Amino acid sequence: MKDLMTADYLEKEDATALILAAKRRMGLSWESMAEKIGMSPVWTHSACMGMNAFPREKAEALAALLDLPETAVPALVESPTKVWAQTVPTDPCIYRFYEVVGVYGPTLKALIQEEFGDGIMSAIDFDMSVTRIANPKGDRVEVKMSGKFLGYNSW
Amino acid sequence: MKDLMTADYLEKEDATALILAAKRRMGLSWESMAEKIGMSPVWTHSACMGMNAFPREKAEALAALLDLPETAVPALVESPTKVWAQTVPTDPCIYRFYEVVGVYGPTLKALIQEEFGDGIMSAIDFDMSVTRIANPKGDRVEVKMSGKFLGYNSW
Amino acid sequence: MKDLMTADYLEKEDATALILAAKRRMGLSWESMAEKIGMSPVWTHSACMGMNAFPREKAEALAALLDLPETAVPALVESPTKVWAQTVPTDPCIYRFYEVVGVYGPTLKALIQEEFGDGIMSAIDFDMSVTRIANPKGDRVEVKMSGKFLGYNSW
Amino acid sequence: MKDLMTADYLEKEDATALILAAKRRMGLSWESMAEKIGMSPVWTHSACMGMNAFPREKAEALAALLDLPETAVPALVESPTKVWAQTVPTDPCIYRFYEVVGVYGPTLKALIQEEFGDGIMSAIDFDMSVTRIANPKGDRVEVKMSGKFLGYNSW
Amino acid sequence: MKDLMTADYLEKEDATALILAAKRRMGLSWESMAEKIGMSPVWTHSACMGMNAFPREKAEALAALLDLPETAVPALVESPTKVWAQTVPTDPCIYRFYEVVGVYGPTLKALIQEEFGDGIMSAIDFDMSVTRIANPKGDRVEVKMSGKFLGYNSW
Amino acid sequence: MKDLMTADYLEKEDATALILAAKRRMGLSWESMAEKIGMSPVWTHSACMGMNAFPREKAEALAALLDLPETAVPALVESPTKVWAQTVPTDPCIYRFYEVVGVYGPTLKALIQEEFGDGIMSAIDFDMSVTRIANPKGDRVEVKMSGKFLGYNSW
Amino acid sequence: MKDLMTADYLEKEDATALILAAKRRMGLSWESMAEKIGMSPVWTHSACMGMNAFPREKAEALAALLDLPETAVPALVESPTKVWAQTVPTDPCIYRFYEVVGVYGPTLKALIQEEFGDGIMSAIDFDMSVTRIANPKGDRVEVKMSGKFLGYNSW
Amino acid sequence: MKDLMTADYLEKEDATALILAAKRRMGLSWESMAEKIGMSPVWTHSACMGMNAFPREKAEALAALLDLPETAVPALVESPTKVWAQTVPTDPCIYRFYEVVGVYGPTLKALIQEEFGDGIMSAIDFDMSVTRIANPKGDRVEVKMSGKFLGYNSW
Amino acid sequence: MKDLMTADYLEKEDATALILAAKRRMGLSWESMAEKIGMSPVWTHSACMGMNAFPREKAEALAALLDLPETAVPALVESPTKVWAQTVPTDPCIYRFYEVVGVYGPTLKALIQEEFGDGIMSAIDFDMSVTRIANPKGDRVEVKMSGKFLGYNSW
Amino acid sequence: MKDLMTADYLEKEDATALILAAKRRMGLSWESMAEKIGMSPVWTHSACMGMNAFPREKAEALAALLDLPETAVPALVESPTKVWAQTVPTDPCIYRFYEVVGVYGPTLKALIQEEFGDGIMSAIDFDMSVTRIANPKGDRVEVKMSGKFLGYNSW
């Protein structure tokens, strides 16, 4: 970690390592970190993991909050290359979402196209939230995705 | 289709074929069909595609609505075997959801576990909706998933 | 073919079969068919293959041009499910494009992001052309793709 | 980096690392680097990434521009072995091009063969550009590929 | 090992390495370790391998039993990301269980659904044991799995 | 079905089709069928699906119970070729067992070898049961597997 | 076969079936067929299998030689879509060539680039022969491939 | 490199590294190295890459030519384990050979079996050459493979 | 079957179907069939399955033994294309042999090369037998493979 | 190597490295090592590679023979996890055995079941030998496998 604090240049994964160490040391949650930099928890975690690019002022806010070295800022701002190693995820918590896409994918497509015409939900102009919903039969996880509808053009 | 109307026994995909033909003939939407049998559009489409099992009274309501033969009811009620052929879906509208799981899967896991402890969102005790959200910069698709939190037990 | 001409209902692949038979019988090229319905050759071929949805008036124009039965029109208008069977295409003419994506994919990403910021070229709000470029050292194939830039949002 | 500056021998990936460090230090863009060595941005980025071989005088021009050690020149000149690790790319910006090949591959083949006869577009005698096209509905990415037509011979 | 004993922070695999070294040094079996912390052998081994999360008091009990450093406790308590590298396991002892799922999977499904209705056996609210059953024709391995039945909901 | 009743020769899948039709017609459960031929439900379902071979007298008992044609008996008695099409099963009820093998496979191996020495649980000299266990927090599925321990020999 | 002789339209695989039937009936070898139409055996077999396109006069010569219906000619002339189903061929006679590419692929690349500079051997402007070479220690198969060298361009 | 020059024992890849360094330092080509040890360029390159075993006297000749340490000789003589990492090679120069096997594999089989009877061309009792063939339309790469015919036996 | 008895031409799989029907009708074992045509059981079964080519006189002997139509003879004599569909076999009886290759493959290689030098055991000039070995602890299956050693040549 | 000689604890691969170094230093063959510890060459090589577990006295005999450190003994005795990285082996010497399983797998199954009834050859209660058989047409490799027959039970 010390080396990363003083290195000339940081890769995105170096910034992630510094963030995780600081989060642990300061006892912060993702939710509180997100609130302090004025962003949502989903986006904040994802950007800290190197799967989204920080706007400069948010990178600076995070660096200030967590005492990151200055070199972390350009690393956080850089466009990431999004790579996932498992075609089918094995972790049960992630697999269930893969299963939902397998089971309900054609349904999502049919209803989107019934409502909007031929096109897709953007995964780029996109946001998402995770919320706990109290329920007497057991609390529920609510995941809300919102993406701009993009219609196919014909030419 | 005529053969299916008079056959002794129907498989789930036969029932799907009859539903699609009737839907076309009667000019119905998934949303209106769902409303008429008192279920949600996501569940209705999915069950009509053979990816969920109908409660008997809902199968009968659908059969009445669409003039399906009696033999369709047990086919709709039967437990489905859920199979999807493409490990990575190619249709762009479905692929975008796969991409969301690839990019945000670890984030969903981290936030669920920060909020609830070690466990998952159930994909069985689960429901989902698709809604159009008007937006001056282009309407948006909102997908809301809700699943019961299931905590790991230790023993 | 006769059966398809008189069937109550056509799937997208039935419409494709009828189009190919008429094209052969009438000795038409894709380019001339495209011109006659006022669309581009790339889009016209793709939509005839069932990989894009026809606007209704274009479907009617094509049906008139090729003497397709009325039932072909709704099939052509319907949203397609885009499926390709080979993860890596084997036909040399198609493989070379796959190779271009493998070799130059990171370059396309770097230059798009240098010019536009973090985001992608849309494959939905998208068009493409294929042109012959005369060249004394051997004529060249020019493929021009144009897609709207979509920037990632942060939230 | 210091070690690479003084090593007896550099591999292609060492040269890439030195180029990236110099580009960062000198605040250059790919476009400006390409202009300064008199090559196109697509080719320049690709060759710097080790996916194409530099002509000697271009390697020397780049080394002069970026103060690379002499040992970088033979590494840049050497023929690369082109390897990509993901059969299906996961990064959304690159995936969209893969999707274009999946959706429009048979169309590209049909139109090339209608125009030129049986054959392919070369991916070796090939060039490509990326251009920003201003558009009131949102600027567009234009990718133009040009490859020599190669006809199959029969013997 | 010495480094792990004094490091500021341990990953789950570091904790596993320390546990294995202590187990070896102290000549303990999984069964005796499980008994001493008041948990079952299956759960204990799995959690020590980093495939399940320890409740804090069990992590402390294990740390006390094996003289682990304090830093091992938070590592053991953390939610694991469950990853297995082989889609089809090659080790014969594990493969046989994969084979059982391949051969008897549809049977398990049919009997669960005959008895309970449409749904699944939870792999989250789940426990398992391994027992030796003496048998004159050769002792037998008995594996008993128990998971809560989860019924699909319709909505 | 009529053709199968009078054919000269039946394949195993023909026998399966006849069994399923008779089961439906007679309103039998797998459990009752198993009881009537004096075998367990797991084995009976599996053998009826063509994944196990019937002893001749059991095949005859089943044929008598369900009024199968004589030709079904040799088909049921024949050794099956056990084939499953999905390397990773997609149906959620079957996938959960695959997940259990992924998560707990190394644990099963470690405990079997701690107790028995180097070897495996046989999947051939093997039996299994599925039982409903009443539970106030939700009934549970209990799956019990028993296989002969087979020790590796050295030579 | 009779149906194919009188059909309005033939696909490439129909032409292949007619060729194989005529070859059998007339007792011809590939070598003699090739000689009679003035082409090489490799190209002739490949084109008859639908993996290459016939020039019109060669298609007519083959149709005359084998008494194929007129409709076979356009099928033979059409550009083929080259598809092979096995990523790794299983037939031992074909696998050995795959093995040669695996073992000697980097060697072929190194020697081509040492001799010609950066580039490839074309598989399009390409021909191949198979010859028997008498040898006292056992006759040998000689395969000779010849393809135009294509140099990468830089731009 | 210095370490390899003085190590007690060398693996085959160590010998390869020493050969490549010496080749560079001495400015040799594969062709000249092959000539100097009296072997062909294809075999020499392949054996230097660790894909074939050197006869002892050839290993000694190479060691003398390149001033390799004595320990390189047994490494070069050892039987290699031939491993290639990419099921489908991505480098265009190597892929074209894979494509040739895909397109012409069944043709090679048909002609070998027409000429020799049922059997294969050996890839073990095998040799290969690469030659430049001058051609006014562009020089060509000629690859000649020769392998002993091996007939299947029946017993 | 009747159609196959009178068809003009049979494919290898048609011959297999006729052989299986006759074997069933006549109550023969593979061992007795093999003995009657003077070949081994392994080769006979394999050739009947279409995985080896019959010498003409053996095809005629088999046709005479089983009352096959004349057209079966050329089908049996033809060179087969050896295809297996499962990269990893699922049937337990076949999988165990795959497992043996996985576990002992490097051992077979090491011992063959220690004894014979660099080379392989031929799978073409090859024979195999399966024998029952009585054993008080349970009879054993003995599989004996014998293949000609083929040494690599250097050139 | 020196580190391994004095380390507190050895993994199985450390023991393998020490064995290979000693074998080299002492100029031993697998056959002679096997003879000296009173085991077969196949088992000895396999266990030295870490694919089988040594009985304690055999591990001690080997350690004495090769001057291994004491810590090697428990590593050799431990149960191995059998992993092979290549689903389809690429080394020609090992691939040929994979090919034999692909071609003859169904034959082995048919003959085993004809002779023994429904069941398999054990790969656990298993032994194997490799022998050179002199033959005037070229010496042969004889591989003999012997495994206990295991019959499926029904319950």
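Points worth noting:
Going in written order, the chains are labelled A, B, C, D, E, F, G, H, I and J, and every chain counts its residues from 1.
The definition used in the following text is that contacts are C-beta pairs under 8 Å (C-beta built on N, C-alpha and C of every residue); 3 or more make two chains touch, one makes a residue touch a chain.
Chain-to-protein mapping (UniProt): A, B, C, D, E, F, G, H, I, J = Cyanate hydratase.
Note that the structure is a prediction, hence the values are computed from the model and not measured.
Equivalent interface to C-G within the set D-G, A-D or E-F: A-D (over half of contact pairs identical by residue number).
More C-beta pairs in contact connect the chains of A-B than those of the other pair, out of E-I and A-B. Centre-to-centre separation of chain E (Cyanate hydratase) and chain J (Cyanate hydratase), using mean CA positions: 30 Å. Averaged C-alpha coordinates put the centre of chain A (Cyanate hydratase) at 44 Å from the centre of chain F (Cyanate hydratase). Touching two or more other chains at once are residues 42, 81-82, 84, 87-88, 90-92, 99, 102-103, 106, 109, 113, 119-120, 122-126 of chain D (Cyanate hydratase).
Taken in their complex, chain I (Cyanate hydratase) has these residues touching chain H (Cyanate hydratase): 39-40, 42-43, 47, 52-55, 58, 79-81, 106, 109, 113, 117-120, 122, 124-127, 150-155. For chain H (Cyanate hydratase) in complex with chain J (Cyanate hydratase), the residues that touch the partner chain are 9, 81-84, 123-124.
On the side of chain C (Cyanate hydratase), the complex with chain H (Cyanate hydratase) involves touching residues 88, 90, 92, 95, 99, 102-103. Within the complex, the chain I (Cyanate hydratase) residues that touch chain F (Cyanate hydratase) are 21, 24, 86, 88, 90-92.
Listed in rising order, the residues of chain H (Cyanate hydratase) touching chain G (Cyanate hydratase) in the complex are 29-31, 41-42, 45-46, 49, 51, 82, 84, 87-89, 91-94, 96-116, 119-123, 125-126, 128, 130, 132-133, 135, 137-149.
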